[in-house]
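The data blocks that follow each hold one structure.
Below, subunit A partners subunit B and then partners subunit C, in two separate complexes.
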Partner chain A sequence: MTGALVHLRGPRATGMLLTAPAAMLLLVLFFYPLATLFLTTLHPDNIENYARVVSSGTYMQVYLNTLRLAVIVTVIDLVIAYPLAFYMCRLTGGSRMVAFFLLLIPLWTSQLVRTYAWMVLLGRNGPINSALMALGLTDTPLRLSNSEFAVVIGMVHILLPYMVLPIYSSASKIDRSLLEASRGLGAGAFSTLTRVLIPLTIHGVLAGVSLVLVLSLGVFIMPALLGGGRVPVIPLLIEQQAGSFLNWAMAGTFCVILLAMVLVIFWLIKLSTRLLVRGRVHA
Partner chain B sequence: MLERRSRTRFLRRIGNVAHHIFSWVTFLFLLTPLLIVIPISFSGGSYLSFPPESYSTRWYETYFAQDSWIDATILSLQVGVVATVISVAVGFLFALGITRGLRKWGPALEKVALAPMIVPSIVYSVSMYSLFSRLGLVGNWFGIALAHAILCLPFVVIVLTASLREYDIDQETAAMGLGASRLTAIRRITIPQIRPSLLSAAFLAFITSFDELVVAMFLSGTFGTLPKKMFDNIRLQIDPTIAAVSVMEILMVILVMAVLMRLNRANVGRLS
Partner chain C sequence: MTNENQAVLDVQKIRKTYGRVEALREIDLRVAAGEFLTLLGASGSGKTTLLRIIAGFETPDSGRVSIRGADMTWASAAERQIGMVFQNYALFPHLTVLENVMFPLEMRRITRRAAADRARAALDSVHLGVFGDRYPRQLSGGQQQRVALARAIVFEPSLLLLDEPFSALDRRLRESMQQEVKQLQSSLGLTTIFITHDQEEALVMSDRIAVMGGGAIRQIGTPAEIYYHPNSISVATFVGESNIFEGVPKGRSFYAASGAHFSLAAPTDCNRMLIRPEAITLSRASVPADPREANVFAAQVLDRSFVGGFTVYRVRLAQGDEVSVRAIAREGAIFQPGETLQLTVAPADCRPLTDRSAA
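== the complex of A and B ==
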């Protein structure tokens, strides 16, 4: 025993010992339950659930709708976050501090609080409708809440910081003299953007895109509260199967397919990052 | 030629102004929902209207007077603190391990620890429910804390590995060269210097647990954490009690953030 311990001395053994508690915790409380969930769905009693999901037009529609929503939210967040991240790089001292504060406070505030606030803002008698009616743009209040529009706004709001932060971190590393060089060599704003800025920030962009895509595929609170039952997404379906119908086997099958979707998307973005970065080195 | 140059300069200035406006409008978009709950929380009417017709503090009184709100808050605090302690303790050791001994395997192991971030929480909840129902842990607050610790771990690991990678390890080696054990060196030299990161990690972990709805919904059984109570309330009836709770939560976040920023700045000042 003592011999084995002496044998285990050294930085690698220390490293292994230090990582052991986290590794054990992850193994027992994360990988094991997920593996069990997967194996349960493969059980002969449950395996036909896969066929049921794939052959059902309704269920496949919900998967597609979940993906479509995630893509819409990701694109909007990217379009907003890209210029915002560059703006934050331009700021210095106190105003940069304020900008970070404004970005991080919403990020760290409860999602339920923010979703509730959007329910109020978009409500029938909410401030947005009041303002529109006061301006004479509409006579009757618009139905902004309980719609896909509301869900998209809520998701864009909640996931925006996850897009800004990675883009900011790659944009802040850009040497400003490169931009001046590009300008000095006669490049216009557009070609500076496409040939200098985007290639230099592609890492941050893809990191943000994969984070927002993956998170928005699993979003539950916004569709549940802002969708008003009109926005079918997989997390709601899973909650319904498990919570209302107590059909845990079916819920498990939905979970496995959703997780597979998330992992494939994650992997695809990783692959394209590698390809794009390598392509740039060769060019 | 001169005319063209002044035109591009003009266009650039326009672009500049547009960039300013766009960015601050976006910040306003981020902030508006948080500001809007403040007047609502002080509304005097019993239903939701904006702007409120009269003002009062009755919704704050409702919150403090109802045992169900207070119990849910205490439960969430309890779960949050335990999840934070577990995830920071385990995550700190993990970050030390992958930045010290396991340099080669570090990045791969770090990715494994980040995995809980990409698994949708509903998927994790369903899998944990079946594990906990076999163990009889559904409805046990400690079970929720354990599951939350897993969800907090990625944030802790990201913050602490980043800070330990930046930290100059020679200081630790020097302390050991002067006769300190590795443990003493870490305790006396390393930990004091990465304290701001430890606090940030703890804050992120606590917030993650304190806000978490889905796992708590599946694992809590009959009683509920604060997010579950809020979710049920929002679903059933929107009365401004939620707004009062929201304002208190936002204040808590701002307070802790201000303290953290101050500490971080003090730390930067000391190092430079």
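== the complex of A and C ==
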């Protein structure tokens, strides 16, 4: 080691050095604007915005709706991702690569492109409606797009990898002999799931849940393009205030309250982690 | 022990193939109540596949597995009442030692309190009573092994399966665990199937040994039968050290290919013969011997290795055969390479290998 590094030793110092560029980037590009925004909302001219938002039934309804949508998307993603992650653990070689590729493609394509793709698929004359009519399941095309249904489908799709990857990561560490031991000791499939699999993957599940929940609170494009104005969520309000009304202070107030919601969710998840995960703290 | 009605496990004509590989070909095996049977074989011999079929983790292509007279061929592992100790112990990392041992009891809907009492008793029987509140990761390999054992016996299974449980332990710990498991097994009268590739371990622990190779049971018998009367080269060389001679039998004589002549204790028509290295005596004195009581050869020491309690010599008979000899290493009675000695072996120790179908 040479120069400045001489004075910094040990894993802590190494960790600080390695994360320094990222930390600087976050500080300048993320923390600084956020702090500015926060201070703007606290300005005496703007401070009563908080009271306006909190006392407005309409705005609070939109917050609740945003949260409700996020919870629905998270639950659906969890139900899809959990078995999928275990299935991917059992794949080997080429088929595992293909599965990962399929899973990660959505992350590599622009959100806008994917949203338009869903608009086409779910459209009045789109392939899904055509297929349903060809099968005789419906006579007139269903209104699939411009609805909450479309928004949920789109969000479930883009956010699925964020649920699958952490669960896969914890599921892949489970020794298969543990499952055999569980069966051999008299546990049925359900007991093996609840007593062995879920406790051993709870870290991955909670990580996936926090990621998807928080990301879905901030999704803008899907509600904007697939919701057809029928799915009011906070990001739409923020865009409206900042983009159409040029009321940055109000947009900032919405942001800060949303951020507070996210922090509370994180805190709750951390709390539940402590309650749900035993045994690992003793390491 | 071979009473038909007492068989706890009855395996009939089990076959299993993976793709084109025949993992098991027509295995028949009966294990009597209270018996300690070892499946001994190298990796790929089929012993693990057989164990997994008995445990219910694999299904056979054909054949039948019965436990206590009930057909269990298609029963799930959970229904079979089999306790198993896995090679890597497979303890649940998120449960404490006590909770691990309680697990099979709770799966049997025994109340938590009764389960905890029985689990504590099982932990006491493996001398881990005070470790109940720890997590598996906080225990040593030997202790984890005991927890796995306690968990496998706590629900009084019909059958206990041990899958190479000692392979990860160091030699000394392995030996004490062998003794402990054997004691526990016989005091509880547990019918046990033990898997190992370690022939010494098999000889020490078993009531009977089934030597497996190529997906079949090559020979089954008591440790002494397997050791003294192996039926084939593969069994003879797998269990213990061996000198194998090929040649021509003639009544009570055996003419090795080199021309060396051995007297046998009984007539045979086998063309292969085994002499265990410890059955051979080397001496400096040349004692005239009756050929009916002893086979005597002149032999030259090629090299020797000192192994503590005994010395292994490699010697060459005057006829040319190379033979390995194991002699108790008394100080002062150590032979030098190059020395010419008298080699004696009793006719009863020249053992024909009866199974000509196997190599």
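Simple rule for what comes next: the second predicted complex is superposed on the first by the 252 of 283 C-alpha atoms of A that agree within 3 Å, B and C clash if a C-alpha of one lies under 4 Å from a C-alpha of the other, contacts with A are read in each partner's own complex, and residues count from 1 in each chain.
Throughout what follows, a residue touches a chain if its C-beta (ideal position, glycine included) is under 8 Å from a C-beta of that chain, and two chains touch if they have at least 3 such contacts.
Because the structure is predicted, anything quoted here is derived from the model rather than measured.
Engineer: More residues of subunit A are touched by which chain, subunit B or subunit C?
Structural biologist: Here the partner covering more residues of subunit A is B.
Engineer: One more residue to check, A:S177. First (subunit B), second (subunit C), both or neither?
Structural biologist: Second partner only.
Engineer: Identify the partner contact of A:G126: answer first if only subunit B is touched, second if only subunit C is, both if each is, neither if none is.
Structural biologist: The first partner, subunit B, only.
Engineer: Using the superposition on chain A described above, determine whether A:Y87 touches subunit B (first), subunit C (second), both, or neither.
Structural biologist: It touches subunit B, and subunit C stays clear.
Engineer: With the two complexes superposed on chain A, say which partner A:P199 touches: subunit B (first), subunit C (second), both, or neither.
Structural biologist: So A:P199 only meets subunit C here.
Engineer: Look at A:T19 in the shared chain and tell me whether it touches subunit B only, subunit C only, both, or neither; answer first, second, both or neither.
Structural biologist: first
Engineer: Under the stated touch criterion, which partner chain does A:P232 make contact with: subunit B (first), subunit C (second), both, or neither?
Structural biologist: neither
Engineer: So subunit A touches subunit B in one structure and subunit C in the other; where do those two contact lists coincide?
Structural biologist: In subunit A, nothing is touched by subunit B and also by subunit C.
Engineer: Taking the touch rule as given, give the residues of subunit C at its contact with subunit A in the complex, in rising order.
Structural biologist: 55-57, 76-78, 80-84, 86-88, 90-96, 103-104, 107-108, 135, 137-138, 151, 155
Engineer: Can you name the residues of subunit A that touch subunit B in the complex?
Structural biologist: 10-19, 21-23, 25-26, 29-34, 36-37, 40, 80, 83-84, 86-88, 97, 99, 101-106, 108-121, 123, 125-127, 130, 157, 160-161, 189, 214, 217-218, 220-221, 224-225, 235, 238-239, 242, 248, 251-252, 255, 258-259, 262-263, 266
Engineer: Name, in rising order, each residue of subunit B that touches subunit A in their complex.
Structural biologist: My answer: residues 12, 15, 19-20, 22-23, 26-27, 29-34, 36-37, 40, 48-51, 86, 89-91, 93-94, 96-98, 100-102, 105, 109, 112-113, 115-116, 118-124, 126-131, 146-147, 149-150, 153, 157, 182, 204, 207, 210-211, 213-214, 218, 227, 230-231, 234-235, 238, 242-243, 245-246, 249-250, 253-254, 257, 261.
Engineer: Residues of subunit A touching subunit C in their complex?
Structural biologist: Going by the criterion above, the answer is residues 175, 177-178, 180-188, 191, 195-196, 199-200, 277-280, 282-283.
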